[in-house]
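Take a look at these structures.
Shared chain: chain A. Partners: chain B in the first complex, chain C in the second.
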Partner chain A sequence: MNLVKEEEARKIDRYIENAKKVNQHVINARVTAAFAGATALTVGLLIFIIVYILSRGFHMVTPAFLLETPRQMGRAGGIYPAIVGTILVTGIAVVIAAPVGVATAIYLTEYTRESWLPRIVRFGTENLAGIPSIIFGLFGFLFFVIYLDLGWSILSGALTLSAMILPTIVRTSEEAIKAVPNAYREISYALGSTRWQTVTGVILPTALPGIVTGVVLAIGRSIGETAAVIFTAGASLRLPESLLDPVRTLPVHFYILAREGISMDNAYGTAAVLIVLILIINIAAYSIMNRFVAKSR
Partner chain B sequence: MEGDPMRYPMRYREAVIEKTLVIVALSAIAVLGLIILFIFKEGSPIMARIGVIRFIAGAKWAPSRGVFGILPMIWGSIWVTLGALIIGVPLGLACAIFLAEMAPARASAILKPAVELLAGIPSVVYGFIGLVVLVPFIRRWFGGPGFSVLAAAIVLGIMILPTIISISFDAFKAVPVAYRDGMLALGATRWQAIRMVILPAARPGIVAAVILGMGRAVGETMAVIMVAGNATKIPSSILAPVRTLTSNIALEMGYAAGEHREALFATGIVLFVVIALLNLTARLFATGGRVAR
Partner chain C sequence: MFSNKDIKIDIKNLDLYYGPVHALKGITVSFPRNAITALIGPSGCGKSTLLRCLNRMNDLIENVKIEGMVTLDGEDIYAPDVDVTHLRKRIGMVFQRPVAFPLSIYENVACAARVHGVNDKRSLDPIVEESLRRVGLWDEVKDRLGSSALNLSLGQQQQLCIARVIATGPEVILLDEPCSALDPASTLRIEDLMRELEKRYTVIIVTHSMQQAARASDYTIFMLSGEIIEYGITDDVFTSPRDSRTESYVTGRLG
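Up next is the complex of A and B:
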């Protein structure tokens, strides 16, 4: 009996001894420092990538570089057709995906409770969001390029991209619409508005900044996309004359220049243009969102 | 809004709008269905001809001789993805914990969008930086060709950071404030509160973050092509070149025809199934957490 007690007392002593050795506040400070370091490393990587590309490529970006057609496969000349191609492919993709995505979000938030139909819609958008871009590329190639016979074209690329960015637009629009205070809806219905009147008159105007943020982020994603575009929009360096002409977007041009070692200078220049575009788009999206959040408070 | 209710039957108009919305909302599932239909239709004949097992477990990929086995690419994807997780998960979680629980609110408000900007950088840019910075670095200090499992894992590890950080950040923020406050009131340090209460409570969200990051790593294509070396051999070390499922498709799609092209679509099927399983698991974990809460 005594022996057991002694054993236990020794155990407690040892525990207290250990507890004295490890000062929780010291551990806390060390862990905090380590995690702050991890965050600094992550942000540092971002800054490194941006600075690395801009410091080597920014001097290439002259008006001539932006407005001339490439010569000798991109070894010389500018990137004008790639800029036009990127704007057209991205623009059309967003014009297709934005209305569909916003309509889907309206349906999911304002028109249904949980039942099998919205569950199917959710299943579709969630799974679409996880599919890698190369699979979208394969699909776009089979469906738009070959089956619908659109060929390698601006239209094929844009349709493929629109399918890829659809889930992003649905999700962000849904969140924006859900953030509209319920009182707004109740007042609108109390005034005798129909559902659609409430949607167009109250909900969409209030949620618009959030929706725009989502669309702008989707634009950013489309501009940088390579794998889904290279097999659907093609890699032509000529200036397109119609939506059924093939084009080469900026990231595809950059990829080909860098991977085939055609011209490192022009690759850096193209990357600089791409990075600047992405930065502008993300900062725009962020500031729209910020103003939105500030206003809704 | 405009429209006099006396002038035309509003109820009819509302019904038409609702039906239209339903049809439009079904487009996402329609696209998903078309993707599955077309890729399986194009890729399954060759899988049936060769045999699913021989296609997946075949160690030789020699399209010119009609030999299609994707085992090296499956191993390639596994190695590269595991490597990416080993790098990306601890770093990402550390960032998410710091931003959600430790940093002052004002610092968080600046740092979080900066971290999210990592997601906006195009994958070709990541690949390019890997190509001009990382590959020569590995060649010089670790030996081998530089184009390697290691290079691909590091690039992917960085690319999955935004996914892991934002999803686990949300998971931490979803833990009721009372849990943390209760711990702190008991005299726990912040790290004790995180370790003992917040991490366990946020676990389903963290698991979902890791799995979705994994999905992103498995599915990434262009960045991997540029740094991995793309040899169709099962890598013998982390310094050996490697080819993933995604790069296999993207590298050869440009010139493949006939049986070869079908085999690439069959590779796409395997990739699709892997991703679908990962997404399903992530969703199970995420909803499991919501139910438990």
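Up next is the complex of A and C:
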């Protein structure tokens, strides 16, 4: 009697086991396919956009296009002032925002204990990061251009962009610093390090790749920014002579050429230059970082 | 049990609270110079907490209140004018998991000396060599000092961690379950090393292994629920414990 029951129970077990196996394999295969598909879509879209823009614009990119000033509102001539303007506005914005942002992140993670202060700052930066860039443009126009009387200028544009990218840099740096194993901190303090020695000797070198990624993201965001810049840096086509001169950045130039129907060829040429510029900056940032990391190891 | 001259660290009426939790209760004990003292007891008995009082690592934790007196060579280490970084240079600590920094073998040891202001290579080289020699790692790594410390075995990494502590020039070395992540062969190696270390340093080890305490220590402290139940020469504690709770623990009936 008992024996028969056991036999049956074993049969049922085996049946369930097999059913499970089959199901799991099917689910596994389908999910793998779905994830691979999503990845293919992402990569495909990216490649399509880049190839499309480069194919429409790359033939426009000649040495003259890169090194001449525009003529006839940009219908003819090059985009040299816009390249200079883009690099200056973005460069100054990052030079201001990166140290302030990283210092804020260090203070929040290493110098304060988890309490209301870091929570409020974190909440604030998260909200700030979600504000549309045109609002930053409006703020920059009212505060830097008019109230501080900096006018439409490289400086106004850079300050506005630095305010815009600051939250991103704080958040990404904070995450990178938090990801440093706590054991590293303990060891460092147990060896008799001060907080400053721990930050510079252990925390920052370990968190550097994450921090650099955040800064590169911020560069990408500000180099491609149109709305915040058009209100604050202006749209001048002349080569700037000082930081208080107005300037037209590449995305703004592209926007005006395309929107006003001035020259689609030159617009796509500008877009191609912008994409290549972003690529160069990203590669440069990561190779500098890798060299630094390799040196410290 | 000891004359004053032989005592390196002396604890009197130490109480420690984590918020409302009374984690150490009226601890009074002394650690003799140039000897190995083992702290044993079941998980959560406060042995690691007590160890961390000695180099003030508990300062880093929120809501910790410490009362009582801890002296190192007769000086109160909780006095307001004590430089904690200097205290931690004198009392080094090795942790449970061997954590080497993602740096070269050389840098892992040199960084400890740098913390205390040694910066030029001519002074660092002999410190690194001597520290690695004292943990018995020098001959194995002298030809690859520049390669990553993460390639060492776990046991070697723990030796490296001890070398890193030695490079600061400590007087006391605290070991917080240093072998719990290691295989038996590496464990024996660390225990042999402790015997070498006690000639120069005062060694205090927290261990959950009674065999380790019996094998590798001169004195043993048995703790239970934040109190010291028994303290004495290791052989006595293990062979003729005075307290019945100690007896149940060392014979494996408790904890």
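Throughout what follows, the second predicted complex is superposed on the first by the 232 of 297 C-alpha atoms of A that agree within 3 Å, B and C clash if a C-alpha of one lies under 4 Å from a C-alpha of the other, contacts with A are read in each partner's own complex, and residues count from 1 in each chain.
As a working rule, a residue touches a chain if its C-beta (ideal position, glycine included) is under 8 Å from a C-beta of that chain, and two chains touch if they have at least 3 such contacts.
The model shown is predicted, which means the values in this text are computed figures rather than measured ones.
Trainee: Who does A:Thr194 touch here: chain B (first), chain C (second), both, or neither?
Mentor: Both partners, chain B and chain C.
Trainee: Which holds for A:Thr62: it touches chain B only (first), chain C only (second), both, or neither?
Mentor: Touch status of A:Thr62: no partner.
Trainee: What is the contact status of A:Leu142 with respect to chain B (first) and chain C (second): first, second, both, or neither?
Mentor: In the superposition, A:Leu142 contacts chain B only.
Trainee: Using the superposition on chain A described above, determine whether A:Leu117 touches chain B (first), chain C (second), both, or neither.
Mentor: first
Trainee: What's your read, chain B or chain C touching more residues of chain A?
Mentor: Counted on chain A, the partner with more touching residues turns out to be B.
Trainee: So which positions on chain A get touched by both chain B and chain C?
Mentor: 193-194, 197, 201
Trainee: Where on chain A is chain C touching in the complex?
Mentor: 113, 181, 183-184, 186-194, 197, 201-202, 206, 296-297
Trainee: For the complex, give me every residue of chain B touching chain A.
Mentor: Touching chain A: residues 1, 10, 13-14, 17-18, 20-22, 24-32, 34-35, 38-39, 42, 90-92, 94-95, 97-99, 102-103, 111, 113-118, 120-129, 131, 133, 158, 161, 165, 188-192, 212, 215, 218-222, 225-226, 246, 249-250, 253-254, 264-265, 268, 271-272, 275-276, 278-279, 283 of chain B.
Trainee: For the complex, give me every residue of chain A touching chain B.
Mentor: 24-25, 27-28, 31-32, 34-36, 38-39, 41-43, 45-46, 49, 52-53, 99-100, 103-104, 106-108, 111, 117-118, 120-121, 123-128, 130-139, 141-143, 147, 163, 166-167, 170, 193-197, 200-201, 217, 220-221, 223-227, 230-231, 251, 254-255, 258-259, 267, 271, 274-275, 278-279, 281-282, 286
Trainee: Which stretch or stretches of chain C touch chain A in the complex?
Mentor: 55, 57, 60, 62, 84-89, 92-93, 95, 97, 99, 101-104, 107, 111-112, 114-116, 148, 161, 164-165, 168
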